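You will see two complexes here that share chain A, one where it goes with chain B and one where it goes with chain C.
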Partner chain A sequence: MRHQNRIILSALFVVIGVLPFVFTSSYHISVMIFIGIHAMLAIGLCLLMGYAGQVSLGHAAFFGLGAYASGILTASYHVDPWLAMGLAAIFTGLVAFIIGKPLFRLKGNNLAMGTLGFGIIVYIMLVEMTDLTGGPSGLRGVPSLSIFGFTFDKDIKYFYLVWALALLFLILSLNIVNSRVGRALRSIHGSEIAAEMLGVDTNKYKIQILIVSAVYASVAGSLYAHYVTFLSPPPFGFKLSIEVLVMVVIGGLSSVYGAIFGAAATTLLSETLRGTVPKLLSGAGGEYEIVVFGVILMVVMIFMPTGLTSGTLNLVRRWRQEKALRVETREAEDGNAVTGVPRVPEGRTAIEDN
Partner chain B sequence: MAVSTTDMDRETEAGSALLDARSLRKDFGGIVAVDSFSFSVRPGQIVAIIGPNGAGKTTVFNLVTGVHPLTAGEIHFGGQRIDALKPYQIAEKGISRTFQNLQIFGNMTVVENVMVGRHSRSKVGILSGALSLPSSRSEEKRIYYAAMEMLDMVGLVSRAKQPASALPFGSQRLLELARALANEPKLLLLDEPAAGLASQETRNLERLIYRIRDGGVSILLVEHDMELVMGIADWVFVLDYGKLIAAGTPRDIQANEKVIAAYLGDETD
Partner chain C sequence: MKQPKWLMVSLLLVLALAALAVGACTATPTPTPTTAPKPPAPAAATPAKPAATAPAATTPAKSAATPAASKPAASKEPYKIGGLFAITGPASSLGIPERNTVQLLEEQINQQGGINGTPVKMVIADTESDETKAVLAAKKLIDEDKVLAIVGPSQSGESLAIADTIEKAEIPLVSAAASIKIVDPVKKWIFKTPQSDSLIVQALVDYLKAKGYTKIGWLSVSNAFGDSGKVEFEKAAPGAGLTTVAKESFGANDTDVTAQLTRVKAANPDAIVVWAIPPAAAIVSKNVAQLGIKQPVFQSHGIGNKQFIDLAGTAANGVRFPVGKLLVADSLSGSDAQKKVLQEYAKGYTAKFDANTLSTFGGHAWDGFWIVAKALEKSGPDRAKLRDAIESNTKEFVGITGVFSFSPTEHNGLDKRAVTMVEIKDGKWVNAE
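Right after this comes the complex of A and B.
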């Protein structure tokens, strides 16, 4: 497993390393930067949703908190951008910790509603706290990042910065997933009561992973702020939360690599739609994207609840198994034996009984 | 097979009980599910709680394991009061359980299920896990081998790498057992372990329960299979409508008129 990881990771490093030499236009590089930023969001949500099984419809809020914390600290208070990024991450992590306790008293759909509410609250605060955030007219003058006199002024430099961090998050996440904590998270997803009865402090792990995903989103937000150098609330609204959800779902809920794939697919699709929909439907704005994402989400959740990539793999596996089973039963029938037939318990079953 | 038919209550009062539940009461809304029920399990004992459907047996398990808070009463385990603890803390103290309606982690492999059982016997946290420190990796190995040992005990080693959801029903029961044992419990709660098992599987289960007991684990059992209960239990408590109606050795219980009436139910009225 570990060995396999290393191979995939090396391949990913190489591919991402050469991409800017293949797609050299500034448009392409900027799209790839956004993919990297989205990937950080998706990796975090993947840990929370795919592994721990806790839905979040408010992930854009953490992204917004990170972006605005960085933006305000650097533009209004002239704090060093790297320090600001760290402070933003601490602040966002703290917010996650504080809301985590009451939030995780909720389960399933109620939790989804709770996180949705959190996302809306943060969005409205970004709009209304005009003294701090500049409100709807935005926050200007967020500086570019630089380190030891090396400024990330060119897109290509920024591309490598963003992806270096995205890959760092990927590696940290893979390590978490393959550790005792990752197993605990998946056990919560599998059966919360059984997890508790095996000594897993389910609440603690849910909050911990919420903090991790919030910090990832915060750093992504800071990078976004320093890249576009202008912040206004709309990019941090409900639509982004849904987009991140779609990224994770497309990527296959419990695959950290899949989250990167999902981020790429969703961002590219979003870019394509933005270009083509107004051409096909005169008068249609960019908001038609959300319709398409809604449909994708519905179709994937109905037909492949484990996500698009692992769903496809499962279909292939099931098809193979069925084929093997058909062969087996045919052989069994030929031999007039009844081995391999699953025994159905008679009378009442323990599963139905409570 | 029965260890002793002498007065058990006197001995538990002397403090020899591993689990000591005193006057448990649980109300759900207006319904009293368990009513002033006292029982105890001594080290090395196999104790059964039986009773008709809805007698409150599973509720007793949920009270002992902290899933439901008590309405009244006290639970002591190994001399410590545990009734205010959370389920994961009670698991850490050394109580494990299996479930009447299986609670397998279907999203994990067979061996991973058992590895979760090692959770409270290991300690790598999120930071050392994220950094994949050497301590994390060596602990992972120990967890894995301990889990494989448990699988060996229940005979599921060959299935270790398969998804747990792919196991047949009987094997899933064994998997829950292995997972519970991985926690190194002093007391194991088995909630209808024989439900849905074929008679051969039940006989294997019986042997397994003896082996677990011989390994120093006390067992509290809720079971409908009377042949199994009467065969292996050292002491039996009978619940009806949440109240204790009889307690004694299997032989006493089988001859008890109240118990017979409770099981036959309405037909005697």
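Right after this comes the complex of A and C.
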């Protein structure tokens, strides 16, 4: 397992390291920067939703808190950007800890509603706390990042920074997932009551993983703030929470790699559609993007409830199994030996649920 | 678990391939311009201007002879201008007329032989009213489509979000968004055409003062538009001896504002000022009628399109607001420098598009397009020279929004002439007395 991960990770490192040399245009690189930022959000939500089974419809709030904390500290109070990023992460983690306690008393649909409410509250605060956040007119003057005189002013430099952090989060997450904590989280996902019966402090683990995912989102937000250098509330609204959810679902709820895949697929698709749809249908615009996303989400949920990545894997596995089964039954029929053998063994449903 | 991980890696690789495909997709339009002189050529070949056909028609031959894009051939390629508008999403009522307008102008300018014989090509991009997407779309216009200048984006937030990208890429931008923050402090590469809120608010404040309304009840929508209106009003009101007796806000998606209006009514103002765009702006006017509030209602330039009248119905009657002159072009005096330009734009636009979408927003794009086109005539296809030409060449330029004069310290360049007071009477716009 560990060995496998190492190979995959080094493959990822190579692919990501080489990508900017394949796509040299600043546009392509900035698309990949946004993929990286989205990937951090998706990895965090994947831990929370895919592993611990706790739905969140307010993930954009953590992203916004991180972005605004960084933005306000650097633009209004001239704090060092790196220190500000750290403070933003601590602040967001603290918020997650405080809201986690009451929030996780809720389960299922109620939890979804609670997180939705949290997202809306944060959004309204960003809009209404005009003195602090600049309100709807936005916050200007967020500086670019630099370290020891090295400024991340070019897109390509920022690309490596974002992806270095994204991969760091990926490794951290893999470690969490493959540890005692990860097993505890999965047990919560399976059955909270059973997990508690076995002595897992479910509330503690749920809050811990919420904090982890909030910190990821906060750092992603800080990176967004220093990249765009202007903040206003709309990008941190409900729409983003849903987009991150789509990324995680498309990528596969139970795979942190899938989260990166989901972030990339969603961002690329949205960029491609914006360019191509108006060419195919004159007069049409971005609204078709929502239609396409809706269709993809429906298809994925119906046919691959475990996500595109693991869904495809399951399909391949099932196809192999069926092939093997067909061979078996043919042999059986040829020999006229056994009657009453079920064509579809019960094991198949078990595989699907996997 | 062994295979799955490997398959995941291959999926990631597939994704990289998909990214390649995207690259290919975006790359394909790039060669198109090389063959693009052909489509403009028939357009230019209208019987009225046969001379224009000659330079355009020679282009394919030349570029065929020297495929290595030697300098003379490159200069005959169409001038590409980016149009970055919120064509979809909440701000589409701004972006659609803007897109329509630049497409109309592209057609018109090419029929007249283009700029110095070079056709113009508008590359339109949709921001989906989203700031993050506006940044990506701007980068795409700059790096992939290699446009010479960008007209747009529609919204202030989008314009401020791409400001950094624009300054770093060193490409002229003529924004179609209102916020003063876009050009204050002046940024080297960024201009804007709509009136700043301070100009609009000043016109309204002067009017209120002249009419003797001193106690004002204020309502504004809680977004960048309403926020900016409120700030400017607070700045301008004391100078004119106006006092704000009530101050309320509402959401852009609110469907009822009676609670806020009741509080405003209780403060007994002389007049009510509402700063919002439809549909919320129309809801306020409807609620005013429902509550039987007798005080005169003033709104902002945000209601300067047919949508407000459609939504508010009879409640729209009697509403007065400060706005650009386009809405009342026909009733302007003949001596007004803008009258002819305004009437021609309105005629050209309504002949091709839905007359209901004719609005001052399209006018902002009209101004942006012509400011860039006029400067291109002087500068040729070079971003830096074009920027200098926009700054130095735009003097007393008569546009739809007003009369522009840019300078190194002034990148909006409008004066009082750009605003007039309009009243809605029987569902029609007339000059307010």
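Simple rule for what comes next: the second predicted complex is superposed on the first by the 299 of 354 C-alpha atoms of A that agree within 3 Å, B and C clash if a C-alpha of one lies under 4 Å from a C-alpha of the other, contacts with A are read in each partner's own complex, and residues count from 1 in each chain.
Here is the rule we use: a residue touches a chain if its C-beta (ideal position, glycine included) is under 8 Å from a C-beta of that chain, and two chains touch if they have at least 3 such contacts.
Source: prediction; values computed, not measured.
Trainee: Name the chain, either chain B or chain C, that contacts more residues of chain A.
Mentor: Residues of chain A touched, chain B against chain C: more for C.
Trainee: Could you look at A:I176 and tell me whether it touches chain B, chain C, both or neither (first, second, both, neither)?
Mentor: first
Trainee: For A:H28, using the defined touch cut-off, is the partner it touches chain B, chain C, both, or neither? Pick first, second, both or neither.
Mentor: second
Trainee: After the superposition on A, what does A:S187 contact: first (chain B), second (chain C), both or neither?
Mentor: first
Trainee: Tell me the contact category for A:G199 with respect to chain B and chain C: first, second, both or neither.
Mentor: The answer is first: A:G199 touches chain B but not chain C.
Trainee: Output check: A:N109 vs chain B and chain C. Expected answer is one of first, second, both, neither. What do you get?
Mentor: neither
Trainee: First (chain B), second (chain C), both or neither: which does A:G138 touch?
Mentor: second
Trainee: According to the stated criteria, A:L268 is in contact with first (chain B), second (chain C), both, or neither; which is it?
Mentor: The second partner, chain C, only.
Trainee: Does chain B (first) or chain C (second) touch A:S254, or do both, or does neither?
Mentor: Only chain B; A:S254 stays clear of chain C.
Trainee: Could you tell me which stretches of chain A are touched by chain B in one complex and by chain C in the other?
Mentor: After superposing on chain A, no chain A residue contacts both chain B and chain C.
Trainee: Within their complex, state which residues of chain A touch chain B.
Mentor: These residues of chain A touch chain B: 172-173, 175-176, 178-184, 186-187, 189-191, 193-202, 208-209, 212, 254, 342-343, 345, 349-354.
Trainee: For a test of understanding, state which residues of chain C touch chain A in their complex under the given definition.
Mentor: Listed in rising order, the residues of chain C that touch chain A are 1-9, 11-13, 15-16, 18-20, 22-23, 25-26, 87-89, 92, 124-126, 128, 130-133, 135-137, 139-140, 142-144, 156-157, 160-161, 163-164, 168-169, 179, 181, 222-228.
Trainee: Hey, which residues of chain A end up touching chain C in the complex?
Mentor: Result: residues 1, 4-5, 8, 11-12, 15, 19, 22-23, 25-28, 30-31, 34, 127-128, 130, 135-138, 140, 153, 224, 228-230, 232, 234-235, 255, 257-258, 260-261, 264-265, 268, 270-272, 274-276, 278, 285-287, 289, 308-310, 312-313, 316-317 of chain A touch chain C.
Trainee: If we count contacts the way the header does, which residues on chain B are in touch with chain A in the complex?
Mentor: 53, 58, 65, 67, 86-88, 91-92, 96-97, 99-108, 112, 115-117, 119-126, 128-132, 136, 139-140, 143, 168-170, 179-180, 182-183, 192, 195-198
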